[in-house]
Amino acid sequence: MTEKKKWYNISMDVQDSLVYFILILLCGTVVLYPLGIPLNVTKETREYYDALIAVPEGGVILYDEAYMVQSYVTGSEITMFRMMFDLIREKDVKLIIVSSCVDGPLGGAMIDKLLAEGVDKTGTTYGVDYVNFGWLPGFELVLSSISKNIQTVTMNDAYGTPISQIPMMKDLTTADIDVFCFSCSVSADPWMRQWGPLHKPILMSGGSSLIAQAMPYYESRVLTAYLNGARGLAELEQIYGKFTIATALMDATNLASLYGIALILYSNIRYQMGRRKMQ
Amino acid sequence: MSFIKQKEFAIILFVLPLLFLLFNYYTGIAEPAASELINWGSYLWNFSMIIGTYSLFRVHGTNIAKKGKDWSYSVVIFISFVTYFVASYVSPDVFKLILDYIQTPIMLTIWMGGFATLTMVFRGARTKSYLGVLLLLGSIFTVLRMAPIGPLIWPGFHTIGMWINDVPNMAVMRAITIVMGVGLIATLVREILGKETHYLGD
Amino acid sequence: MLPGKNFDLIIFLLTVAGMYLFMRKAEGGRLPNIRSIPLLEELDSIIGRAAEMGRPVHYTTGYGGLHDEWAVMCVAGLAILSKVAEMCGKYRVWLQFTCFRGYLVPIGQDILKTGYEKGGAPEMYTPDMVTYVGEDQPAYIAYIMDYFMTERPAVSMVFGAIQAEMNNILMQAARVNAISLAGTPRLYYQGKMALMCDYCLLGEELYVAGASITSDPVHLGCIEAEDWFKMGIIALLVIAAIFTTLGMENVLQSLINW
């Protein structure tokens, strides 16, 4: 006698397709009909914001853009760039942008995209207020070069201009850099190893799992502050007051998180029931 | 010439700069030379890309010559490589077009971070022991701490999630970081003493 | 000597001296006693299972190479590969090694060829067993996912410096009901491995597995030295905690900054 096929015993591919379809449906729905769930700004994001705006007048910020491809598409770090350009205008801060991204030249493309499409550059002059080194190969070697001597990191900037001809780089040393910021898609260890001994404020932005790995550095104050993944970027927008894609993604994050948990519970309950049945 | 081909020469070539950098790290002497040596590391990194390109061409060139498995895809690899390479130098606009409309969507599709994670937990995350249950509960609290909706459902998610982050997570991360560091030091010691030869293909 | 690095240098020199002594001790025949690692003990039966099913074994060392900070992990992964290749030769199972770095191709081919010869099946080896699709992570992931779906390996092994490809590899292994074995000291993946894999090497177990597989006295001596070094670190932590509790952290700080 054949066992009656249960309705949920469908093929694996269909199961997976169903899982993905429900996810797309949930996330797509909130794009059309935002839930508007309130977002609390955490102490950590507040620390990041305070550390960034605490750069002294005429100070220098170095920003290493080493985030991953999702950031290239969404441009979720636009708020940080806007904040830094506001600091250029308000406090005559100098900005050095570099990318040591392990994903390759995508890092440089991310910087170009953010500078071209998202940032208001009025009142700033390239070469005087900010410089873009572009993507540099070598990853930790680039970080090590930065920590030793900023002048020897690269011979030309991202647009081929020799560093010696860039006004803001004249006589600039690593010791003159006041704040080091980076966004990463890998473990924070290389940045901590190379920049930690400089005893300057280091600000990190990365995925929440990478932040979890960097907690020992935060606890021992080698890492000054961090932005915790997509939520951290959204919280920064809350503080800054202008909302972009990072905030828009929060509703989808909410639903996807609940959905993921529901899937885990469902699959484990089925597994345990199947085990009991076999016993 | 024969000495250059010997393993000892490769070890000397590896160990001497290593010792010099260590010497510079502790004494601060010869800082410009050490900086230049580190820059040469970047240059060598670029050369390793040439080796990678050569390997890619050799593997897929052989596949095309022998009309091996899926050799037509090897042809696609060659064409894509040459197009991308030439475009990056000759036409930045075409390069950006390829990056924005071909490479990035393909990368995002392959990553499928959310989908892969979902399938992974749906198919493979089975709690086979009490520790597994504990692990899953911890992950649920951590996920709901990060999602803005978590504290709205129950404020305890944030409190317990932060405790998990600040106490057990911190302890484990510290322990594993120390362990990794110890492993790195051990490898460094073996390399200095010339006992580590795996990088030579042994 | 640069200020602030004297204490660092003393610890480093003591470490080097200690490791050298333990290596010499191991080379002299007094090997340390390594506890059994479940994964290594089951490796034989797992590959035997692949042989019974007539399906291949897939192996990868992950994202890292021999030139970056993850070289140590890659080296340990290659050490385990040599043992796996020998076992695959013994059971006459196809072993597919996918590497992320171009220079790993000749190294991998060498290891597999030697492994199959030791296992008694030199005629099984072919250079096609090593695959290299470029140094782009999505391409690497795409190849592995495709391999899993088309060839449906019985065993998936990931040992080395793994990055985001772990998600996709574990996902595909779960889909084709392959046994998942993984090992990496990388922090991010400890939880995933513990949850998803049938057998895993957590943290430093990868290095230990690499050393015990090759039975290299130098490596084994280093393992013992590392354990003593860790004891020393724990002792320092306890002393630091006591000093800090007593309000004497300035003493420690001045020692560290000496």
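In order of appearance the chains are A, B and C, and numbering begins at 1 in each one.
The rule is simple: a residue touches a chain if its C-beta (ideal position, glycine included) is under 8 Å from a C-beta of that chain, and two chains touch if they have at least 3 such contacts.
Everything quoted here is computed from the prediction, not taken from an experiment.
Counting C-beta pairs in contact, the pair that comes out ahead of the other among A-C and B-C is B-C.
The most centrally placed chain, judged by C-alpha centroids, is B. Centre-to-centre separation of chain B and chain C, using mean CA positions: 14 Å. Computed from the mean C-alpha positions, the centre of chain A lies at a distance of 29 Å from the centre of chain C.
Counting only residues that touch two or more partner chains, chain B has 45, 49, 107, 111, 113, 117, 119, 123, 125, 136, 139, 173, 177.
Multi-chain contact residues of chain C (touching two or more other chains) are listed as 69, 175, 187. Looking at chain A, one finds that residues 16, 189, 212-213 touch two or more other chains. Contacts from chain C toward chain B in the complex involve residues 1-2, 5, 8-9, 12, 15-16, 19-20, 23, 66-67, 69, 71-72, 75, 78-79, 101-103, 105-107, 110, 128, 131-135, 138-139, 141-142, 145, 164, 167-168, 170-171, 173-175, 180, 185, 187, 190-192, 194-196, 203-204, 207, 218-219, 222, 225-226, 229-230, 233.
If you check the complex, the residues on chain A that touch chain C are 12, 16, 103-104, 139-140, 186-187, 189-190, 209-210, 212-213. Chain contact summary for the complex, chain A toward chain B: residues 15-16, 19-20, 23, 37-40, 69-70, 72-73, 105-106, 109, 136-138, 141-142, 144-145, 148-149, 152, 189, 208, 212-213, 215-216, 219, 228-229, 231, 250, 253-254, 256-261, 263-264, 267-268, 271-272. Every residue of chain B that touches chain A in the complex is listed here, in rising order: 31, 34-36, 38-39, 41-42, 45-46, 49, 88, 96, 99, 104, 107-108, 111, 113-115, 117-119, 121-123, 125-127, 136, 139-140, 143-144, 146-152, 165-166, 169-170, 173-174, 177. Interface residues of chain B, counted against chain C in their complex, comprise 25-28, 44-45, 48-49, 51-56, 59, 68-69, 77, 106-107, 110-113, 116-117, 119-120, 123-125, 132, 135-136, 139, 172-173, 175-180, 182-187, 189-190, 192-193, 195-196, 198-199, 201.
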